[in-house]
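Both of the next two complexes hold chain A, though its partner changes from chain B to chain C.
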Partner chain A sequence: MTETVISSPTREVVIGHDRAFTVIGERINPTGRKVLAAEMQAGDFSRVEADAVAQVEAGAHMLDVNAGIPLADEPAILAQTVKLVQSLVDVPLSIDSSIVAALEAGLAVYEGKALVNSVTGEEERLEQVLPLVAKHGAAVIAITNDETGISEDPDVRFEVARTIVNRAADHGIPAADVVVDPLVMPIGAMRGAGRQVFTLVRRLRDELGVNTTCGASNVSFGLPNRPGINAAFLAMAISNGLSSAITNPIEGEIRSAVMAADVLAGNDPDCAAWIASHRDPGGTQGAARGRRGGRRGRRGGSRDDG
Partner chain B sequence: MADATNDAPDDHLDDDVDDIDLSSLDDDDLVEQMHDDLYDGLADEIAEATQLLLDRGWDPQDVLSKALVEGMRIVGIDFRDGILFVPEVLLSANAMKAGMKLLRPLLAETGAEQIGKVVIGTVKGDIHDIGKNLVGMMLEGAGFEVIDIGINNDADAYLAALEEHRPDILGMSALLTTTMPYMKVVIEELGKRGLRDDYIVLVGGAPLNEEFGSAVGADAYCRDAAVAAETAEALVLARRAAA
Partner chain C sequence: MTETVISSPTREVVIGHDRAFTVIGERINPTGRKVLAAEMQAGDFSRVEADAVAQVEAGAHMLDVNAGIPLADEPAILAQTVKLVQSLVDVPLSIDSSIVAALEAGLAVYEGKALVNSVTGEEERLEQVLPLVAKHGAAVIAITNDETGISEDPDVRFEVARTIVNRAADHGIPAADVVVDPLVMPIGAMRGAGRQVFTLVRRLRDELGVNTTCGASNVSFGLPNRPGINAAFLAMAISNGLSSAITNPIEGEIRSAVMAADVLAGNDPDCAAWIASHRDPGGTQGAARGRRGGRRGRRGGSRDDG
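On to the complex of A and B.
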């Protein structure tokens, strides 16, 4: 099965279909976060620092870093943010911008193998972003739209994905380093939005052999109790083969749904991660204790499923 | 209205509505009922009631303003306040459309003045349209005639649409930090041709903010579809008052 390896200087994350789902924390993104945008533009990164640490503590395997602030020097701010986040946490990053110069600036300072977010099927984007990804030996998120827009027909989006994978290959980027985003539309405005994604991620896995990711929270746009929808969506998408998502790990419901989906998909061996994070803390020793206090010696070192 | 929203299944709604004989209501109650039916997104009932009012000799302009626009105003308020949600507003807008279908030819005939006309579209390089469509529907709900020119519009496309339709308002949408600066290009082009003051320019989209709106020279930035409808109405009325 396809494995996409993303790394920081000290940590490797493997996105893959027979593995635990990869959660990419979405919070470091000033879009729609007025205060964060103003602070980042003014050079105050305290909220970025807090978001980075909190998301990793909440179980994010990677973090997405975006500095899309209107009228700001996005390349400079993105580079600064990437550096800062890498100095605080050791998880690999996804460098997120729709401005090629910003991706370039972020990649230039990034240590490790980054995930570039993103390229689309638009000719101009392919020609600008793919050489950059190849030059830095990075992986890339491929968004399944082209010049004609976002097709409502999953077959068309599948073909856009195929085109991007082929074009990436022309630049020496293997299919394993292309993580396809099937594009999640708001279910509140489009009844088939969920089914489209489920069909697509399954086909992308089975026919194109690529890993997949998505901005999961978009599905619940305009609805109440968004975490409830996001959580169910992720569990359903995972059961259809989605292998990573950019989402909010701090939301307990989402974290819980993703972990449970891993268990049920058979990707959490011996349900170890699930048990470790849900052990009844009611006992006098608390959650940290684990099964039977003693006899650790017999078990020590026998588990390594990281 | 309260019953309908508390009891979940759709089929219940239908039963409920079937119980009301719209033709038996007097004008005031019928208009009240239309407000409720718009709120509940019942297109058939709105079409029926619209026709009833017309048959009773109502002026199409009054049907529009007192029944449809007023009903959608209530929808807009509850959407803004987080009581109604996107799928519900889409249903309401759809019901409004069913009424408008009957009214539009009559309004055109009588030459009645609409609250205003809007040309709306997503800027060049950007193919996102769900938010823009929602804004279009809310504007229609507020009584505007909306000409939607779709996605990926360059300055020429906007200018051609403005020239053809002579709207009061130009609305531009963008969802990407790379595409939103194009709004400035369009507004500058309007300026070059001496047309800037002919139109109210509204901008919106997830990555935008108030500051960006004024920096590109728009008349207003609209945070969401409900705000867009409110702002459009306020600015058009202010302009008419000033004229």
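On to the complex of A and C.
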């Protein structure tokens, strides 16, 4: 089975179908978080620090880092954030921007093999982002839309994925380093969105042989009790072959569903992680492993959400 | 898609792949409940009454009724319990016994089209239970073991299911009235148990065209936080085609996972049930629909679990 290796200087995460599901913490992202955006622009990174530590403590295997602040110097802020987060926690990062210069700045300072978030099937993006990914020996998230937008037809999205995988190969990037995002639509707006994604994830695994990821929270947009929907979605998607997701590990219901799904998919040998997490509900094991230098490495204090 | 219709005098439940998942309440079962067994044998049915009402209030679409008490007159007690439960709640019943005379006694007093729980692939059981099912125009749960026991090989269990479906046809029972139980093993003892069942459920739907059910709680045997495992299991099984389960609807995590899975499988149109359940967390809507004659029909008081 396909394995995607992402690394920091001291840790390696392997995304794969026969492995525990990879949780990529979504919190370090000022999009839709006005307070965080204002703080980051003003040079106050205390909330970034707190979010980094809290997500790793909650069991995130990787962190997504985004600095998309309107009118700000995104390349500089993203690079600064990447360096800061790498000084605090040991987990590998996903470097997240829609601006190529920002991806470039983030990759330039990143230590290890990063996951670049993201490339699409748009011709211009393919030719800008893939050379960058190849140059840095990184892996990349492939989002299954192209110039024509996001198709509601999952077969079209599958073909976009195939195009990106083929183009990546032209640039020397193996399929194992392309993690496809099948694009999750809000189930409240589109009744077939769940079945569609489950089928697509299964095809991406079986026919294209790639790992998959998604922004899981989108599925519950507009509905009450979003963590309840997100948790069931992840369990269902995992049983159809989803191998990672960008989500919120701090949400207990989501963490529990992912861990239980690992048990049920046979990817938690001897149920060891499940049993340990119930022996140690504070999750300090994950924290001890994931935080750089243990508790001493923590800089920021804990804060409420921005 | 296959539809299995089960009924009481006033209500019909349709088990099917493109319908909301059917929850069959598991609580009215003295096996492993010593206090309940002693009470039922002594003629005290107050806990049965409370369990019937509470499960329907919690959203059970059907109730399983079992009177398996060692050395007791099981046929008489099962018939009495079936009559009592039908006087209290409107939902259809699954009549559950390993003793053919008890199934016969239960069916004799049942009003409506019952689900008989169960027949196996054992020759003697097939020839005793199937004529009874045919005579009463009932549906039947087919458990996928035979004289050789429960095979660990899911392909063998699939063939047992096929044998039962074929034999049922010989007795005039259509495949739509055979609900197959693929047999769920404890995941703590058998790492592949989950994947195995998911694959088997999918094959039973796609190749044999039957509905499926299972005793879902067995999967978490021996593990901490069993509702957490059971909830994820049900969501995953639903996304692979499981259409009903005998489980505990009173457990909030299980109820929530099943409802969310219905949303994500596209079987809760407009997310109406999900939204209503969060508007009305007490679940009184279900109670008003499911309890015979509304609140006046309630006889027993609420009690702690036996």
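As a working rule, the second predicted complex is superposed on the first by the 279 of 306 C-alpha atoms of A that agree within 3 Å, B and C clash if a C-alpha of one lies under 4 Å from a C-alpha of the other, contacts with A are read in each partner's own complex, and residues count from 1 in each chain.
Everything below uses one rule, namely that a residue touches a chain if its C-beta (ideal position, glycine included) is under 8 Å from a C-beta of that chain, and two chains touch if they have at least 3 such contacts.
As the structure is a prediction and not an experimental result, all values here were calculated from the model.
Asks: Should the pairing of chain B and chain C on chain A count as a clash or a fit in the superposition?
Replies: When both complexes are placed onto chain A, chain B and chain C end up side by side without any clash.
Asks: Looking at the overlay, what does A:Leu223 touch: chain B (first), chain C (second), both, or neither?
Replies: In the superposition, A:Leu223 touches chain B and chain C alike.
Asks: When the two structures are overlaid on chain A, which partner does A:Lys135 contact: first (chain B), second (chain C), both, or neither?
Replies: neither
Asks: Determine, under the contact definition given at the top, whether A:Ser98 touches first (chain B), second (chain C), both, or neither.
Replies: first
Asks: Contact-wise, after the overlay, does A:Ala37 reach chain B, chain C, both or neither (first, second, both, neither)?
Replies: first
Asks: I'd like to know which partner A:Gly188 touches here: chain B for first, chain C for second, both or neither.
Replies: After superposing on A, A:Gly188 lies in contact with both chain B and chain C.
Asks: Which partner reaches more residues of chain A, chain B or chain C?
Replies: C
Asks: Which value, in Å, gives the least CA distance between chain B and chain C in the superposed three-chain arrangement?
Replies: 5
Asks: Please write out, lowest number first, the residues of chain A touched by both chain B and chain C across the two complexes.
Replies: Residues 188, 223-224, which sit in both footprints.
Asks: Which residues of chain B touch chain A once you look at their complex with the stated criterion?
Replies: Of all residues in chain B, those touching chain A are 82, 85-87, 89-90, 127-130, 133-134, 151-152, 176-180, 206-209, 211-212, 215.
Asks: Contact residues on chain C for chain A in the complex?
Replies: 187-188, 191-195, 198, 219, 223-225, 228-229, 231-233, 235-240, 256-257, 260-261, 263-266, 269-271, 274-275, 278-279
Asks: Enumerate the contact residues on chain A facing chain B in the complex.
Replies: Where chain A meets chain B, its residues are 31-32, 34, 37, 68-71, 74, 97-99, 145, 147-150, 185-186, 188-190, 221-224.
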